[in-house]
Structure formats: C-alpha cells, structure tokens
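In structure tokens below, several structures.
Across the two complexes that follow, chain A remains constant while its partner is chain B and subsequently chain C.
Presenting the complex of A and B:
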C-alpha cells in the first residue's frame, strides 16, 4: 500500500502543477517541449525527433487578452490556452505548438494564433472528415510528413524510420499500460477515487511517456498485488472533453461516487485504440484515427456514440453516466441529444452538467452529483 | 417518537416534525436563510409548537443549500430527493415537480413508486428563480406577496426581453418611466420566470400530475401562468414552501427505521 500511495503522490505532484512540471521536465531532460493543442496529434513524431510533447488542456487562468480574438461563446478550455499563448506563459517552456482543426473553434484558432502569438512556431494540421477510406490514410500520411518536416526544423534533427518505430513502441506501451490502469480502478475504487484517477492519467501529459509508462506499470503491478477494496458507493462513467476543476472531482469523492470508466477526450479517447500491427508508422498512426469510436471530434456517419456508451456502461458495470459537457463545445453538443435518448431508452440514468474550466463555485454541481447518487440508491 | 426535517435555503429556513406514523405535527418557515440563525429559529419554533424539546427528536435530516454546513443533523440529503419525498407523500400520483426557490429552480420527475428518476436544475444565474420576482417587487414598490394580486389586474401583455435579472431590472425601470402599468409589469415578470422554468420542464418531459412547490408556488398568478406555458393543470402542494423540510423529516423516519 505504501508503494501505491507513494507512486500516486508522484503523479499527483506532476499533474497538480503543470507549468512547474513542464519547466522541470525541460530542465532535467534538456529536451525541447512541443505543446499539443490538444487532441489526436502526431505525438510519436515529436518524440521521434528527440523532443517531448506536452498537453495543452487550458487551466486556471484569468481570461483577459484572448477576448480580443475569441467571442464569449468559445469554450473555456481553448480560451485559457489562447490566453496563455498571448500572455506568454507557454513561451516560458514550449518550443512550438501543434494543433488541428477538429471543431469550429479550433479552425479559427489556427488562424488567430498565427497573428496573435508570433513568437512561437505553429504547426497547423488538417485531418479528413471521411477518415476510414483508403485515401484518408494516404492523406493523413501526407499531413504527418509535412508536420514532421516542420518539427525537424525545430529539433534541428532529421527523423529516421527507426526513430519513428521506436517512438511508436513507446506510445503503444504507454497506451496499453493506461488501458490497464483504467480497468484496475474497479479493484481499488477508494484509493483510486475520482480525483486520484484523474491526476494519475493527467500526469502523462507532462512527463516523458517512457518514464511515465514505467512508473504506471509499477503502480499497476502494485494494485494487482494488493487486496481488492470493498466499496458501497455508486459507480459512474463520465463522458465529455475533460472533467476539471479539481473541486468538481472532489465532489464525486465526497459523495462516494467512483468514476469507474471514462469516455473523455482528455483520457481514454487518447489511449483506448490499440494500434494495428502492420504497415508503416504513418499508416499505423492514421489507422488509430480511422479506428477511433465514440469520439465527437471524429466524424461518425452512423451516429453510434450512444450504442458505444451503452456498451461501456455494461463493460465497466457503471450505475449511470455523468455527462460533463464543456460549455459551448459544439461537437459534444451535437452528440448529446442523440445518445441521451438512447441511454434513457436503455434505462441508464444520465446526469448532464454543463461545466467551465474556470468555475469559481462548484456548490450547485455538488448538489447535482449528490442528488444523482441518491437517485441511484 | 419525533422526526425533524430542516430545509436551509439561501433566503429562507424551514422545519417540519412528524411522528412515527408520518403524522405531520408542525411545519414552519422563516425568511432567513443559511449563514444566519434562521435554522435555529425555525427549529426552536417547531419544537415549541409541538411542545417538545430538542433531545426528544429521534433523528434529524438536513436538506437545502445550507445542509452541508449545518452540523446538528444526523444526515444530510439533497433538496431534490427531499422535495420528491415530500410531494410523493402529499400528492399521490405526482409525476412532475416544479420547484421555484429563492436562488434556484428545479424540475423533478418521479416514477410510479414516487421515487426521483430524473431532475434538472437551472444554471447558476437568477433568471427563473424567486430572486427575479423579489427584484421586480422592489422596483414595483410592493411586497413579494402583493405581486400576485397586482398581476391579476393586468390588462395588456408586455414582454420583459432580458433574461439577466440585472438587465431586466433596468428594462423594467424604463418601461415604468414610459408609463407602462405596474400590473402589466408584474404579469410580464411572471411570464418571464415561468417561461424559463417551463423550458426546463419540457427538457425533462412533463407527465401529470404536475405539482408546484417552493415559496413562489404561493403566488397564484405565477401558477396560472405556468399552467398556460406547459399546457397542464398544476396542483400546488399544501404549504408549498415547507415540502422539502417535510421530505427531510420523512427521510429521518425512514433512516431511523432502517437502523
């Protein structure tokens, strides 16, 4: 148990202070850091170029400058990211930024950033809507190649096929270990409560993935060796982009609600797809996008998010689903009405909460989470 | 045996005491909320009216916004569950509850057994809550309880277009300056608040019997307005302001019996 606690404490330290952790990462490794803005970006190429990808998932900052470019109906996470580009918080640690136009907001940001944040190289990427067809795989390969050339310029180093293969292996190992971790939460729902679970997963965004994976493997092994915890609370699956601030996660803990599984962009959507075994690294990377499911950012003509959520609820043995909708997130808002009906038809209780990253008070959310837990009783 | 329920809202405190047979012995409400001596006052008043002392209470459940900071309860349960419990007890067959309190509004759906199976709360602003009516009463220079009578005298429909209470306030002031009748403004305020909450109700799905609770349900004009908005008759729970406290007392009895 001491082992588990001390390993968790290491992850918590990293995840609770991203700015400091990124600065330390840079100092300790001497490597350049590249910001991932934030979804489905070619981290493997960054890694292969001898640099380290770092997550850009907003944060607790006061929005002042970014209002010049972003309307009030932009999501809070991207506002925070843009603010930290404009007020030069990111410039202290990052050597470049990669972003892709996954939603209407991000499409504009790619252009705004070029004008508003001129002192940091931007690598803008465009992914195909029809992601499953053969042409899409070729097209994504071409986008990766373009991004690689720009990344090589920042790194001052050419990336070889062997570098790419090695980086791919590092990432596949990280993803496999992360998938294992989310499953192990069921064994220790008290120790791996909503907040701890979040911080352990979040730490990956501010560590060298290889180092992170080793530590996570140690934690997973320690959990496997420990006795299972008895838990009488409720188990929910969370859906959305991400769940923050921390006070919101604490509200789950206070009400004995365990986050038994997630369908979040910040977490499982990043690592639940296992890479294919055949093909070049570019192809394998592209197929991870093609094979993704239940992800509002990636087009799904069949609209199967609801069905996939129902499967996840069964797989994790969840009592209900908590939708943490990032306010003004259009891709999430398009999916919600469809899967809400399907979940209700399947008699799965749903709690919908519209959240913002910079919420000052979470009092009302606490009441909602508690009331939801009471209805599950 | 005696069971106490205390509902500590943002602008009022309520208490109810029942016996082991669910007989309601007393229900009291005072317009002082959390962070004051409101909870102590209502509890003392309730005890006095029943003629018992605090140590004769077998179990206490606290609910409402101030439930977490109130340390004298044996258990705390959300106002959602308590309103559900209270209404199921008072109005058999109730399926939809519309509760408009001082700082929030909620719609609760009950299943056939009278248990909560879904709920929605308004987002954090004051639109669609009792606070909106308070502000309107102040501008109209009348008491909150006089708003209903005033609105009934309305002869012309006016619309208050701003959702935000602060903007609505200046909108109404300029309407009055232009000579709009006070009664029409009062009715306009009712329309404004009920249309917000009716939106919540439609989102969750309305099944009769529809019941209204919370202090605002005492305002008859608001209730009639709400009926028009949602297209269903509304039953006002008896003594609507203390339904949450009653639900808490019922939970107190239930929890005590389970122990």
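Presenting the complex of A and C:
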C-alpha cells in the first residue's frame, strides 16, 4: 500500500501543477517540449524527433485577451488554450504547438492563433473524417510527413524509420498500461477515487511517456498485488471531453461516487485503440484513427456511441452514466440526444451536467451528483 | 398567333423552386430514391444517377423566412438538442420527426449525402439523421484548408471519396430498384458541363451588381440563392440565372438602381454571413431606409464551382476551395477583392449564433479588412433561423452607428 500511495503522490504532484511540471520536465530532460492541442495528434512523431509532447487541455486562467477573437459561445477549454497562448503562459515552456481541426471551433482557433500567437511555431493539421477508406490512410500519411518535416525543423534533427518504430513501441506500451489501469480502478475504488484516477491519467500529459509508463506499470502491479477494497458507494461512467476543474472531481468523491470507467477524450478515447501490428509506423498511426469507435470527434457511420456506453456500463458494472458536457461543444452536443435515448431505453440512469472549465463554484454539481447517487439502485 | 408572355426571372425562380420540391415529393411517391444533401455538395454524382435530392438547409431557410422555425426548434430542444447548435440542424431534426411544415414539405430521404466543405457541423448533423432514419450515409470530407490553397494530397483524398461514393450510389440504387444500376460516365461529363455553365451564369448575373448604382437589391440574392443551391446541375437553373442577368443588365444600362426610381443607393455594402431569415424584412428595411444597398456577399462565389470537365481532382479542389473552407488570409483577400470590385463603402458582419465556423474568425477578419480597405464595418448579433437570437432594436442601433461612419467616410473622401 505504501508503494501505491507514494506512486500516486508522484502522479498527483505532476498533474496538479502542469506549468511547473512541464518546466521541470524540460529542465530535467533537456528536451524541447511540443504542445499538443486536444484530440488525436501524431505524438509518436514528436517523440521520435527527440522532443516531448505535452497536453494542452485548457486550465484555470482568466479569460481576457481571447475575447478580442472569440465570441462568448466558444467552449471554455479551447478559449483557455487560446488565452494562454496570447498571455504567453505557454511560451515559457513550449517550443511549438500542434493542432488539428476536429471541429469548427478548432478550424478557426488555428487560424486566429496564426495571427495572435506569432512567437511559437504552429503545426496545423487535419485528420480525415472519412477515415476508413484507402484514400484516407494515404492522406494521413501525407499529413504525417508534412508534420514530421516541420517537427524536424524545430528539433534540428532528422527522424529515421527506426526512431519512429521506437516511438511507436513507447506509445503502444503507454496505451496498453493505461488500458490496464482504468480496469484496475474497480479493485480499489476508494484509493483510486475520482480525483486520484483523473490525476494519475492526466500526469501522462506532462511526463516522458516512457518514464510514465514504467511508473504506471509499477502502480498497476502494486494494485494487482493488493487486496481488493470493499466499496459501498455508487459506480458511474463519465462521458465527455474531460472532467475538470478538480473541485468537480472532488464532488464525486465527497458523494462516495466512484468513476469506474470513462468515455472521455482526455482519457480512454486517447488510448483505448490498440495499434495494428503490420505496416509502416505512419500506417499503424493512421489505422488507429480508422479503427477508433464511438469517438464523437471521428465520424461514425453507424453512430455507436450509445451502444458503446451501454456495453461499457455492463462491462464495468456501472450504476449509471454521468455526462459532463463541455458547454458549447458541438460534437458532444450532437451525440447526446441520440445516446440519451438509447441509454434510457436500456434503463440506464443518466445525469447530464453542462460544465465549463472556469467555473466559480461547483456547489450545484455537488448537489446534483448527490441527488443522482441517491436515485441509483 | 398569340405571343407567350415572357416570364420574369422571379416568376421563373418561383416555378423552378416549386418544381424542385414537387418533383422530389413525386419521386418519393413513385418509389424512387431521394437523398438529403448539404448545400454545396458534389450534386453532379446524384444528378448523373438521376437521383432526386433536396437540401435541408434550403428548406430550413424557407421555414425560417415564413416564421415557422420555432416549433421545430422547440421539438429538437425537447429531445435534448442544445440551444447552442446550428439552428438549421435544430429545424431539420424537428422536421425529420414532425414531417409536416406549412412552409415547405420535403420527402424523407433514402440516404444522406453530406459534404464537410461548408462546416464540420454537417458531419455530425447528418450522422444523426442517418442513425435516426437507419439509412446509408455518404460523406465527402474536405479537409479544412489551413494553407492558402487546396493541397494536392487533400484533392487526392477527395478524389478517392468521389470514387467510393460512385460505388456506393450504384449499390444503393441497385438494391433499391432490384436491378443493376450503373454510373454513366458519359452522362457524368454532360452533367459536369451543365453544372459549370449554370455556376458561371449564376456568377455572371450576380456580377452585374458591380454597376453603379447596382441594379441588384442584394436581398434578392438571398432568394435566387435557393435556385443555385437546388439547381446548380440543371439547364432550368441556367435559364433562370440567364433571364435574371439580362434583366439586371437592362436595368444597369438604363442607369436604374436597386429600388424604385427616386430611391437613391447612397451606400454600397456587402453582407458577411447568412441572412436572418425570420427577420428578412427588418434587416432589409434597416438598411434600405438609410439608402444602404447590400450589393453582394460571399455567396456568389460559394456556388461558383468551376473546373475542367472530366478533371476529378480539379472538381475536388473547386469544392474544397470555397470561402467557408478557406483559411483566414484567403478569406480576407477574397473580401478585399469584393470590396474593390464592387466599389463598396462598407461591410455588415452577421455574428450568427448558429455558425461557429464563420463566427470565430470574424472579429479578426473584420479588423484586417478594415485595415486593408478602409471601409466602414459593423457587426451585429443574430441567427439565421432561431428567432430568439436577434433583436431589431440592437440591429437598428448598430446600423445607425454604421450609417454615421459611412457618412463620415464619404465626407472625408469628398474633402480628399
């Protein structure tokens, strides 16, 4: 248990202070850091170029400068990113930024960024939505190649096939270990409460993935060796882009509600797809996009988001689903009415909460989570 | 022999639209395939296959203009659709369930045909339709152009999608009709030719507005737009725009302006964004009463899809390179060109609550264009179909301030 506690503490320390952690990472490794906007991006290539990808998922900052570019109805996460580009928070540690237009907001942000944040290289990408056809795989290959050239320029180093292969292996190992971790939460729902679970996963965004994976493997092993915890609270799945601020996660903990599994872009959607074994690294990266399922950021002809949630509820033995809808997020808002009806038809309780990253108080959420937990059988 | 009276282009347009909707309804009743498509999708493939197609955006606009949107919007919101989503989608989701509108009915689709060159939103919207109606979804995903021009690898991806779509259309048709249906490549060439000709005629007609005064009252653009959305691939569409062009040219030659004689076009402006359909009258009057004529918008170019016949990659580039899908710099340059070519005095920016794609670049666009061209600009809050998101009072106040700037600038110019 001592092992578990101290490993968790390490992750918490990293995840609770992203800016500081990134600065330390840079100092300790001597490597350049590349900021990765939300959603699937070629992290493997960044890693192969001898640099480290760092997550950019908004955060707590006062929204001022970005109002010059964005109306009030822009999602809070991306607004925060934009603000921190404009107020130069990112420039303190990042050597470049990668973004891809996964939604209409991101298309524009990328364009505005070119004007508003000129002191950092920007790599603008597009990932295909018609993602399963051969032409899409080729298209992604061409996009990766272009991104690689830009990244090489920042790194001052050419990336070899061997570099890519090695990076791919690091990422596959990280994703496998992360998949294992989210399953293990069921064994220790108290220790790995909503907040802890979040911070352990989040820490990956601010560490060298190889180092992170080693530590996570140690944590996973320690959990496996430990006795299972008894837990009398309720277990829920969370759905959405991400769940923050931290106080919101604490509200789950305070109500004895365990996040037993997630369908979040910030978490499982990033690592739940296992890579294929054959092909070049570019192809394997592209097939991870082609093989993704029930991801609101990737077109899904069969629209299996609801089915996926229902399957997950069964698999994880969840009592209900809490939708943490990022306000003004189109992709999520289109999916919700459809999967809500499917979950209701399957008699699965759903709590819908609209969230913003810069919330002054989470009081009302606490009450709503409590009320929801009471209704769960 | 009695001379058949020549129809005005407006009457022709009305007939064209009536026929468009009626033939789709008839086709459905006869058991023929019907598709729902986005407004700037490669209709050439559907036209070649002889598949009837209707455009939900166009229907939603009609529903909005006839002030019927709220009931459909309420229905969608009741099902959990957020008030923050595109109101065309909210109207359409409502219609898809209620299936009856006073303004304009459309047949239910047998499959969905969606092209992301106008926005990402339509991918999500149409994905939902396909799911709810349990019908096939054909999509064309045109990568947003972060570069100034469309890149070759993006055009190749689009070409791959066109080839894929052709196969799927054959499969859907074959299954539906119970007999083998093949894509006719010769007919495809003819359709491409017609589509280019109709596009060009549309563009030519709208360009007559360059004359000073402009013979075109730009709010008419919004009406004729329904024609180009629905009939870009038809000869009938071509004829309407030809007649319209001739009327405008005749007016221009006679030195006539946009309105009745005596109503002077004092200022010429461009409208950026979609109309406020439920408030067409108020938005129009707010300008006209002050002698401001909306001469043009980014619309004429958006449906000017031109490419060499038979050149699929060229076609892909034409669809991909439209204003909505272009980067900020490209957009600014286009509008700057419009300002110069149409001798504009100002620009009205519609900050459209529905359309994040157009909105989140608009502030910067406004700044850059002001700086480059020196024209007056104004931005107002509204929505294309949701009647709750527009205030006539706010609009008129903004237009008053705009008018003052226009007058001041004119005075400055006069003084040199």
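General observations
Here is the rule we go by: the second predicted complex is superposed on the first by the 376 of 377 C-alpha atoms of A that agree within 3 Å, B and C clash if a C-alpha of one lies under 4 Å from a C-alpha of the other, contacts with A are read in each partner's own complex, and residues count from 1 in each chain.
Here, a contact is a pair of C-beta atoms (placed from the backbone, for glycine too) under 8 Å apart; a residue touches a chain by one contact, two chains touch by 3 or more.
Keep in mind it's a predicted model, so treat the numbers as computed, not measured.
In the superposition on chain A, A:302 makes contact with chain C only, not with chain B.
By the touch criterion defined above, A:363 lies against chain B but remains apart from chain C after alignment on the C-alpha atoms of chain A. Ranked by how many residues of chain A each touches, chain B and chain C are led by C. When the two structures are aligned on the shared chain, A:331 is found in touch with chain C, with no touch to chain B. Of the two partner chains, chain C is the only one touched by A:124; chain B is not.
Across the superposed pair, chain B and chain C both touch chain A at residues 352.
Chain B makes touch with chain A in their complex at residues 65, 68, 77-81, 104, 115-121, 123-124. The part of chain C that touches chain A in the complex is made up of residues 76, 79-82, 84-86, 89, 116, 119-121, 123-125, 127-128, 130-132, 137, 139-141, 143-144, 146, 153-154, 156-157, 159-161, 163-164, 327-328, 351, 353, 355-357, 359-361, 363-364. Every residue of chain A that touches chain B in the complex is listed here, in rising order: 349-350, 352, 354, 361, 363-364, 366-368, 370-371, 374-375. On chain A, the positions that touch chain C within their shared complex are 68-71, 73-74, 101-105, 107-112, 114-116, 124-126, 128-130, 133-136, 138-139, 142-143, 296, 299-303, 327-328, 330-331, 333-338, 340-341, 352.
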